[in-house]
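Every chain is named by a letter (A, B, C and D) in the order it is written, and numbering of its residues begins at 1.
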Amino acid sequence: GVTGVCKVVKGPSLDTVLTNLAKINNSRERARKLFEWLIHPIPPKAFFRETWEKKPILIKRQNQEYYNGLFSTGEFDRILRDDEVQFGVNLDVTSYSNGKRETHNPPGRALPFKVWDFYERGCSLRMLNPQAFSSTVWNVLSILQEQFNSMVGANVYLTPAGTQGFAPHYDDIEAFLVQLEGKKHWRVYNPRSDNEVLPVVSSPNFSQSEIGEQVLDIVLEAGDLLYFPRGFIHQANCLPDDHSLHITISSYQRNSWGDLLQKVVPVALEMAMEEDVEFRRGLPTDYLTYMGVQNSDKEDPRRSMFTAQVKDLVRRLADFAPIDAAVDHKAKDFMYDCLPPLLTPEEKASSVQGVLARWENGGTKDTTIHLKEHTKICLIRGGVARLTSGGDSVVLCHTTDNSRVYHKEDPKSFEIRDEHTDALEFLIHSYPKFVSVGSLPCDSFDNKISLAKFLFEQGGDVSDKQEVLG
Amino acid sequence: GVTGVCKVVKGPSLDTVLTNLAKINNSRERARKLFEWLIHPIPPKAFFRETWEKKPILIKRQNQEYYNGLFSTGEFDRILRDDEVQFGVNLDVTSYSNGKRETHNPPGRALPFKVWDFYERGCSLRMLNPQAFSSTVWNVLSILQEQFNSMVGANVYLTPAGTQGFAPHYDDIEAFLVQLEGKKHWRVYNPRSDNEVLPVVSSPNFSQSEIGEQVLDIVLEAGDLLYFPRGFIHQANCLPDDHSLHITISSYQRNSWGDLLQKVVPVALEMAMEEDVEFRRGLPTDYLTYMGVQNSDKEDPRRSMFTAQVKDLVRRLADFAPIDAAVDHKAKDFMYDCLPPLLTPEEKASSVQGVLARWENGGTKDTTIHLKEHTKICLIRGGVARLTSGGDSVVLCHTTDNSRVYHKEDPKSFEIRDEHTDALEFLIHSYPKFVSVGSLPCDSFDNKISLAKFLFEQGGDVSDKQEVLG
Amino acid sequence: GVTGVCKVVKGPSLDTVLTNLAKINNSRERARKLFEWLIHPIPPKAFFRETWEKKPILIKRQNQEYYNGLFSTGEFDRILRDDEVQFGVNLDVTSYSNGKRETHNPPGRALPFKVWDFYERGCSLRMLNPQAFSSTVWNVLSILQEQFNSMVGANVYLTPAGTQGFAPHYDDIEAFLVQLEGKKHWRVYNPRSDNEVLPVVSSPNFSQSEIGEQVLDIVLEAGDLLYFPRGFIHQANCLPDDHSLHITISSYQRNSWGDLLQKVVPVALEMAMEEDVEFRRGLPTDYLTYMGVQNSDKEDPRRSMFTAQVKDLVRRLADFAPIDAAVDHKAKDFMYDCLPPLLTPEEKASSVQGVLARWENGGTKDTTIHLKEHTKICLIRGGVARLTSGGDSVVLCHTTDNSRVYHKEDPKSFEIRDEHTDALEFLIHSYPKFVSVGSLPCDSFDNKISLAKFLFEQGGDVSDKQEVLG
Amino acid sequence: GVTGVCKVVKGPSLDTVLTNLAKINNSRERARKLFEWLIHPIPPKAFFRETWEKKPILIKRQNQEYYNGLFSTGEFDRILRDDEVQFGVNLDVTSYSNGKRETHNPPGRALPFKVWDFYERGCSLRMLNPQAFSSTVWNVLSILQEQFNSMVGANVYLTPAGTQGFAPHYDDIEAFLVQLEGKKHWRVYNPRSDNEVLPVVSSPNFSQSEIGEQVLDIVLEAGDLLYFPRGFIHQANCLPDDHSLHITISSYQRNSWGDLLQKVVPVALEMAMEEDVEFRRGLPTDYLTYMGVQNSDKEDPRRSMFTAQVKDLVRRLADFAPIDAAVDHKAKDFMYDCLPPLLTPEEKASSVQGVLARWENGGTKDTTIHLKEHTKICLIRGGVARLTSGGDSVVLCHTTDNSRVYHKEDPKSFEIRDEHTDALEFLIHSYPKFVSVGSLPCDSFDNKISLAKFLFEQGGDVSDKQEVLG
């Protein structure tokens, strides 16, 4: 069948997991381990080979505490009380009954007494970007984005007992549903047609008669995980005896080969027109008399010659495809989408935020940054910075100054001076190894120091082991 | 050599040519004949096979009157006097001396005393769209556009004796230079490199040291024609003893296979993503770690697999190329660019403009349009209307309400009702034959009449022989 | 009663009138005479004293030919045929029947067969700017605008026998209705309340029950004139036996003291704040506790003190009113609104358009402009140019390059150099007297010549008597 | 002399002051007391009578601790470390030496090590809106704004020993300079001319030769206060032996009679044109021939008549001045500018933020708001809400949802239903008295409850004593 169900043994709590992860020096390794924990006991390799983008899978754990610490309704309540949660922006109030899906957002701030009033009256609550309010969610997503190399987002859903909040539909993302509290009854359905396999955009709401072949009908309990690929229709409702809280972790929105081709193809054509005169030759002077919809039923040998020529030229575009440049384009988009890294106190201490410069006893103290030849430096995360081509110059994109709120900050990057390019590439490829400032391949000591200082001031540190761009 | 020079015998004057052309019922035939006259004695077939887009050619006629009636400095003067010619919009004042190219346009209206003052001081004058002011130029260009199926434009150049008005440069159009008065010394140079053969955009002004290998050094006299393809650098100066007036007739700007591909490729990709799941599959989760400029020097087998996959998908786009739809897109652009047809008095009389409805002796007269089953109708020009796909509906684009001033009117089109589509296609494909209203393939007599009436009101007629869309 | 009716004897035709007017050298005198003819036999002084802005007046002439030559339905037909008349832009098709007012404009060009079809079906036709199509209307309005010093516009109305085209309403302009053909039954009603006397904006359409006290019920015949001030409700219908053609000449839209005050008052306040510290002193710190709508019922002595202070300051604004500058502001608006002058052939010959510079026999002729000390110059119209303050500089606004189409051209003006200001003022105040270039109060001969040349190139001439700015 | 200097005895610390103020139920009384403390020992009445907007005054306290707790360099350092301070947005780095004033803001976040590095190199630091980062500053300013009924803002200035950070200049606000740490040498100069007394806009930077007559040359020490009105030029520098930290509390920017008149006058003119026909009468038809700058030297009796008429009409505007409505306009602007109130824990508990509704033990608790007839309600501050006319309806503006960051939130208001208007006015005028829901002048019990509930949900409470709109 298309779905799998596995039983799992108890594992370490999220707290322990994150503490242990913090000891791993390599952020990509850390991402791999966290994802392993998320889908435990399925080995990631097997998951990506057999399940990813193919079929739903359910992991039943019999361990209500497995995901404890990730999020809770208590934290939901705390956030409503302390943070500036706005209806429609950060929180949606919804209902689905008698086949009718409604949104009930009033304007303004979502204060607890209003939100809980909706909840008591049977409405579902969807928090749209819990990572902006919960540091743990932020931490988990920011780690996982190095696993997927595609933006990782999340929504939290709180549903009262005996209700359903949403109509059946499919999404445009790979979805990992983590059940946090209570339980929920889920039904998942196959894509309805080949064209809806791995779709590019989400569906509208469906009626019950439009949703096709059911492949899963299960109850998700706290500690369980449900994964399904984009295109699988789904709906869920709470049983009469318990509410439900789950978080959906999502990724791979618009991250397909076709999305890459949208970066590749226009540039390939531009380059072909520059480099190959065949693309610049004039069309036949009479082509409008036999081509075009108006002439599509004509039997004219010139039609097939014309068509063959167009197809041949399209195929020849492959030879002009600027693949690395297009990947850079995708990478830039991804880095704009990224959450910034959540730094540990130790990381902060060894980065620019830990510089001791301060006001004390009526004067400034420790205002100098000490960077010497033997100072060792390292990127603070593998994915925190990337060298890309920016037309004529080389540009370093980075995520350290991104906001927890999606696209609240503009994309961050700076031009790299020629004399620093090699050293930066060296530093990036050395990750996760620390390298000494003196070993940077720059042609002068001053350039080595100036690069190190520059990177540090964008987010680095100054003991004898420093992390840069954090 | 790349250029040819032919001697020609005297031929009919433009006046006679146009009068004879007006007797030809088929506008495409008319276009062919006019072009034949333009490049006489070279046969068009030979021209397009051996010369077009390949090399310059000079036609020496020894017949100063050959092009008489097309345009003259006298008409130039008349236009300045009578029409609203604006410096910078309709007329440029230029000079080129000691290697320096300058433009001298003051603001405002180009009145004769100002223009002739510039001319006396050695400036060249370029009239930018003589078709807006001269009916003959309008007529010639509007006929020729059916020969090229690409916009045909013109500039007029008047140069004082002993001066040069422009720096060496190449253009992005096929150029037919018709010498009208006086003579001019021309030098033409080969494209400087493969990349500048049939270029997409015009060049900047060159210095004398940048212009490469000369292929032509001739004096053009009244009645002569000089053709050269886009990309051939050229410069011209007047000899001390005579001024020069010539008109450059141009076409094939951005009308290459590559320009068509710019319509084809984005839609092909969109369709591929809709129809073929291979284009919708996710990218490898780790692709950013080995692809991109940052990794372009890495030796990693995944790089070549990734590259092969992208190229394969690009090639497969050929199978999704919506060629007729893309041609329609080009056709629409062309029809937007077109000059409107110049109607003869007879054509006006048998078209909507000839309807007799009028005010006479204190009342209206002849206000009814008589269209009957046996009334015969025909498009007023072969290229005056075109059926194109407009998303879900069928759209008829037409040029009859275009302006003599480029893009002054918005593109003109109207949606065609389902019950009229077949009849319209029949009418278009019947051109230049007149067909009776009764023979239109509509399912009812009313539909036949309503279509005929509709077309007529957009530009048709009402005797027993009518022309529509004029 | 509020209306008067006068019988008049036959007078000269418009043709004779305009020919005679052309002999008058002073455009303001010409304007006075033309207006005298328009309202003949009422003397203008009496008209402005007793009727203007006060009450309707009817002039019955018993002379159908009095206004002949101003406009006709024949010319209407000719314009439809020859000019680019657009429905909704230049022509409205309307009807009023059973209390319902409708507009029937289709999109696109108003071709005769469509327009006359509407007319036959009982629709009224309103041509919105006949001055753009008829040189006589242009001439008449451009002369009259110097009488009113406010924009003069016109609409033409053609109404089929037995119909009414418009609902009862009042306008925001002074209206002179000139009956050109046929006859029309008019009913005029008093303003309904003090607030609707001389209103600032036009009314909506009224129902028959809303229109108040009737003061006039007459039939206007060809040659008759009906005047009524803004605010007088009116409606008209054709009798069963004849169609009607009339032209409404209008002026004084937004040309009241209040409209001037809108230019005066903001600047007065700005100047008061700059020059008088009383306007810059702080408000009482507690004023929000007793002023404002919330406190308007409070009895608090501070309220009346506060009110008195505000009123006192408002009154003191009178001392800062920049009246001449505000008038200039109005004058600039007016000159932007103005029709350009229609020049006679003689005027053209002695102005820049008459410069002999031309192309003849293969070369330029007479390209020099001869301006000498004894050359006599004069503005081509009294109202064609005006010196205004333009912030730090002096600016000459002029109407010669305006378009016959309202606001089609941007406002025209140029900065005047300090050394030319006095001479320009001298020239303007000398109008209609010609003055010699040598007599201009400039400090050098060169400045005299350069000013004369400058003015001439904007619209002047070069025999020994020249007119400038035409 | 224009300045006074008073010696003062020790007083209570800010902490004690604020604690005592919190016990006062009336926010206007609280504002008065806090201002009294600020300028102690000068009695406010005397201050406003003799000093405010008139002359500088210095209060020497010999008590370095007087303003302790308001702000400190330690807090400055803490803010840099913890908050998102941006150069150019929240912090300026400046210097003034050798007569040259410079700004040194780099882009991006103002991290401590960068800021202190600038400071060490002799730059001054100006924090632009300390109220966004310091709760105490927020509290003090939000209280004082009820004293001034005009926005109260603040800047903090930190200057290294032996330096000057700013060039001499004057401001457009009333300034209270509170010396917090160290000392600073101040020089204050009289307005240079009548036009610069109480100026509307701030001056540019002056050179030392442009600053006129000095009226004050003193050293401000911690605990001292210096006040000077807008228009008084000032400059300050640190002595070699000590740094300086002061906060400038400012108010009365654009809060003059003239600023009110800018609301009054355009509406007065609009109303005059509606109600008085004299304003709607046409201008004389010939006014452009004798009025305007071009005619300003003419001696024409019509000029003085015209001028007299304009002045008379300007003066009559006073009778149409909509003073309460204009004050409402000012009040709305002020409420948009206001800081939100800083609520005490007790106030929060008795307001909407204290509603007990929450998530506890897997379910919602206390979600109902209990408002009964005998529940007593009161505005949470005197200035927190205001009834204003909003065209046809009545609108309640309020400040409770404003942001600590200037204008970050849109203006807040809601329309008031007719049946609630009287009750709201009653509630506002009752302030600071609590009134029972039952005593509200509504025509039904339901309306009383619904208004109370509505106000509460915008910021009220639910024990037997509740505060609304907090």
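Throughout what follows, a contact is a pair of C-beta atoms (placed from the backbone, for glycine too) under 8 Å apart; a residue touches a chain by one contact, two chains touch by 3 or more.
No experiment lies behind these values; they were computed from the predicted model shown.
Supply the minimal count of touching-chain steps required to go from subunit A to subunit C.
The fewest touching-chain steps linking subunit A to subunit C number 2.
Centre to centre, using CA atoms, which chain is the farthest one from subunit C?
With centres defined by C-alpha atoms, farthest from subunit C sits A.
When the centre of a chain is set as the mean of its C-alpha atoms, what distance in Å lies between subunit B and subunit D?
66
Could you please state the distance in Å, as a whole number, between where the Cα atoms of subunit A are centred and where those of subunit D are centred?
Computed value for the inter-centroid distance: 44 Å.
Could you grab the centroid distance between subunit A and subunit B? Build each centroid from C-alpha atoms only and quote it in angstrom.
Taking the mean C-alpha position of each chain, the two centres sit 49 Å apart.
Residue numbers in subunit A touching 2 or more other chains?
none
With chains as vertices and touches as edges, which is it: line, ring, star, complete or other?
Chain contacts: single closed ring, each chain with exactly two partners.
When you check every pair of chains, which ones turn out to touch?
A-B, A-D, B-C, C-D
Give the list of subunit A residues in touch with subunit B in this complex.
Subunit A residues touching subunit B: 28, 48, 52-53, 147-150, 174, 194-195, 197-200, 252, 255-262, 264-266, 268-269, 272-275, 277-283, 285-289, 291-296, 306-307, 309-315, 317-319, 321, 323-325, 327-328, 330-331, 334, 383, 386-389, 425, 428.
Write out the stretch or stretches of subunit B touching subunit C in their complex.
Those residues of subunit B that touch subunit C are 73-74, 76-77, 81, 108-109, 111-114, 116-117, 119-120, 181-182, 243, 352-353, 355, 357-360, 362-364, 367, 369, 401, 457.
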